[in-house]
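Alright, structures below, take your time with them.
Look for chain A in each of the two complexes below; its partner is chain B in the first and chain C in the second.
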Partner chain A sequence: MIMITLVRIELYKIFSKPRTYIGFVAIAFLVPLIQVALYIDGETYIEFSLQNLKEAFEFQGNLLNGFLATYIILATLYVHIPFLIALVTGDLIAGEAASGTLKILLTRKADRTMIVVSKFIAGMIYTATLIFFMAIISLVLGLAIMGTGDLIVIKNTIYVFAENDVLWRLIAAFCFGLIAMWCVGALAFMFSAFSDNAIGPIILTMTVIISFIIISAIDLSIFRAVKPFMFTNYMGSWKLFFEDPVDYNKVILSAGVLIFHILGFLGISIYHFNRKDILT
Partner chain B sequence: MIQRALIFSLFLLLPSMVQAQSKDGTAILEQVKEKFYTIKEYEANVKIKVDVDFVKIPVKQGLIWFMQPDKVKVKIPGFSLLPKRGMNFTPNQLLTGDYTAIFIREEKLGEYNTYVIKVIPSDETDDIILSTIWVDQKRMVIRKLETTTKSEGTISMAFQFGPVVKKFDLPDEIIFTFDLRKNELPLGLTGDFENTEPRDKKSKNSKGTVTISYLEYFVNQGRAIAQFKKNK
Partner chain C sequence: MKPSIVNFTSELERETIIEVCDLHKSYKGFQAVKGISFKVFRGDVFGFLGPNGAGKSTTIRMMLDLIRPTSGTIKIFGKSVTENREGTLNKIGAIVEKPDLYGYLSVYDNLELLSKMSGKAAAKEKIMEILELVGLKDRAKSKIKTFSHGMKQRAGIAQALIHDPELIILDEPTTGLDPQGMVEIRDLILKLSRERHKTILLSSHILNEVEIVANRMVIINKGKVAVEGEVEKLLNTDDMKVTLEVNNINDALQLINNSEFATNYRDHAGNRIMLQMKKEQMASLNRKLIENNIDVIAMIPMRSLEEYFLNLT
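Moving on to the complex of A and B:
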């Protein structure tokens, strides 16, 4: 019961801050912009991507639809969404430490672990709300502007998924994306526990993510060896839902690694917060 | 002695030469055309299966309408890949205009006895350079067709017919085989930027096949006429 009250208080604090809404505003601006741009110029884009197939095949039907737009948004934005998440979760402890309210908070009867966990849960709820908002706005707006249809995904193989086979894949991808973003949120939260100013954890989180993504993208043998140990390597596994057949072993492995990291970051945060000197 | 041997061998070859000359490629193809002319129009329920090594697309079901001489319309829900050449193929289409048909030989194609005929268009600007047609001797239908074009390489079409000859002898299945160039697929459309899987360094040439299974025909029932009228 105390935990629920604590989470509610933390959520109230999160949603009282203007910075919380930056993510929602950014998504509400960017998603329609991408959708409209795709609606206007998407056909040319698709034609260019499939030009070698055009030599042998006649295309029948419309590939530019709300499902493709949602897939493109997912693929392009999930690199940038971590910043919007770190903006809030990186501030959860460090923000209070900076403003001095952390000392007052710890004078209350709830123990430190409960306070950290309630803040963490509130941060994860914020992350889930942001991803849910992104999923809803992408899908609803995409389908309203461009309608439904088959989904084409271009990798080393070109996959075309039938219209009735797409929605579950997108929902599963968003769910997996949420686990990945929870991992980012947990990382920023952990840095927040170590810091006394809110900017540090946000910058540090983004530095870690960008560095890991760069290392993952460079195909050198030395980086290849460390890649399996970087959690960013598993963040893009939502794309596995857009292969046929879906490699569920890989999906479970990736989700497992991310959940392990989330619990690890939370554990470190609890451990450090319990030993944090708030008197000086 | 040599002269005698030459005359003897000529006598041996004569019957086969006479037989080859007796088969007129143009006449055989005219019979095929005539048979096909009995079909004024049709609507068919079809299933389309695309088999290309770097494309995975589900089997699609839809409708095809045909009206003489060469009108073809395809309606398939969602997105589908159809062979660029051959989808609107009819014997009339191949055999209209000026062409030279040469009877080559008789050949056993699977379990069917066929006439092999080469067709060369007289018009040098025609995209088709040469077509080879295997005509079923018994049913007078095309069993196989190989066409070499200037723009799209060689396309092969195999026609499968049911065992029972119906009133309108139309194929149950057509298998299109064609050459396909596999280029490096461009990134960006679906934002696959972080894909670190090793990509193929060289372009590969591969074969693609499209199988069209005709599930049900409605021949000369006016369905295609209504469809093409609707479009006008």
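Moving on to the complex of A and C:
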């Protein structure tokens, strides 16, 4: 019962802070911007993407549709959304330490583990809300502007998904994306437990993610050896839902690695916070 | 008028609320607290006095389980804080150094939220009652970030009271306040002691502040207890150092040396004479000087503890 109260309090605090809405404002600005740009100039984009294939295949129907727009948005923003997540989850403990309110919380009867876990849950709810908002705005606006149609995805091979086979894949991709973003949120949260200033955890989280993504992208044998151990390597596995057939073993493995990291980051946060001297 | 319980009951008969025993705290080789021990009894307004950096806030943070002692024990209401955190903290209200609350929320929302965290969601009437007590009822819906420092201090006291604790710990509650604000906080402390029968631990680096409100006190310096006891006994006026400033130093010295005040003389410099005397002797010395046409410009008494504390700070 006390845990539910604590989570509610944390959510109340999160949604009372102006910085919480930066992510929503950014998505509400960027997603329509991308969609309008695609609507205006999307044909050129598709022409360019399919120029080699058009010699061998004939494409018919509404290729520039809301599903494609949502897919492009997912592919573009999953690298940038972590910043918006870290902005809030990185502030959950460190922000309170910096403002001095942490000591007021800790002089109440709730124990430290409960406080950390309630903050963590609230942070994950915020993340889910942001991703849900992004999914809704992408799909609804995309379909409203560009309508439906088949989805063409070009990887090593070309996949054409029928119109009635796309929506569940996009929903599954967003759900997987949510796990990936929870992992980012958990990382920022862990840094937050170690820090007494609100900016450090955000910068540190972005530094880790960008560094890992760069290391993953460079195809050298030394980096290939460490790649499986970097959680960022599994963040892009939402794309597995746009293969046919979907390799569920890979999906489960990737989700498992990310969930393992989430629990690990939470465990470290609890362990450290329970031993932390509150000096601010 | 100080809390009078000390006059009626001996320490042995009184319930111990805080018992600090041989407390140590080290940070990376620096010893902030070096074996502090003291007791606070039910009904006390206990002055926790010391210069800045003496270890007061560190000790208070250990009492509240914000930091862990390197060694030693703290029992509050007879139990260890770390082992009985929930039960103990529920009976304590505290301000630690700055009265930091959520600036983006109103003082009303802050109190509501913090009362829920204490497991006792306060009703609107209760919140308004506390806000009236600290003089913030009219600003209940104003955000904390719009408050002056004095108002923030009062809001800090309000959050310490919202769950109706038996023990209130106030760490430097008058820091940064103007004289009027200091008086208001002192009055509030006395009100909480007299009318609501709270046990209060008041940390301060100002002796005068503690003297006005506390019945017992401990002075700590460099992490150690220097003095502990009842304020009235510690600040006794039987042995005062008096600095006398006169217009004619030679005549004044001659008069003092040829009178019953000769044994009180200690030193002189410029037009000032230092004497050691009782409080009641001051008036007759003043009268004698004036009768001999020596103008008394100033007569500044300083009690021995005051002098000692001044040397510390």
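Keep in mind that, in the parts below, the second predicted complex is superposed on the first by the 278 of 280 C-alpha atoms of A that agree within 3 Å, B and C clash if a C-alpha of one lies under 4 Å from a C-alpha of the other, contacts with A are read in each partner's own complex, and residues count from 1 in each chain.
Criterion: a contact is a pair of C-beta atoms (placed from the backbone, for glycine too) under 8 Å apart; a residue touches a chain by one contact, two chains touch by 3 or more.
What you are looking at is a predicted structure, and each value in this text was computed from that prediction instead of being measured.
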- Name the contact category of A:D41: first (chain B only), second (chain C only), both, or neither. neither
- Query: Which of the two partners, first being chain B and second being chain C, lies in contact with A:K109: first, second, both, or neither?
  - Reply: second
- Item | Partner chain(s) touched by A:L6 [first = chain B, second = chain C, both, neither] | second
- Given the touch rule stated above, what does A:D247 touch, chain B (first), chain C (second), both, or neither? neither
- Task: Please determine whether it is chain B or chain C that touches the greater number of chain A residues.
- Result: B
- Which part of chain A faces chain B closely enough to touch in the complex? 45-46, 48-49, 51-63, 68, 71-72, 75-76, 79, 149-150, 152-163, 165, 213, 216-217, 219, 227, 236, 239, 244
- Residue numbers on chain A that touch chain C, as the complex places them: 2, 5-6, 9, 12-13, 16-18, 99-101, 103-111, 275, 277-279
- Under the touch definition given earlier, write down the residues of chain B that touch chain A in their complex. 50, 54-58, 74, 76-84, 87, 152, 178-183, 185-200, 208
- Item | Touching residues on chain C, where the partner in the complex is chain A | 27, 61, 64-68, 85-87, 89-90, 92, 94, 96-98, 100-105, 109, 113-114, 116-119, 159
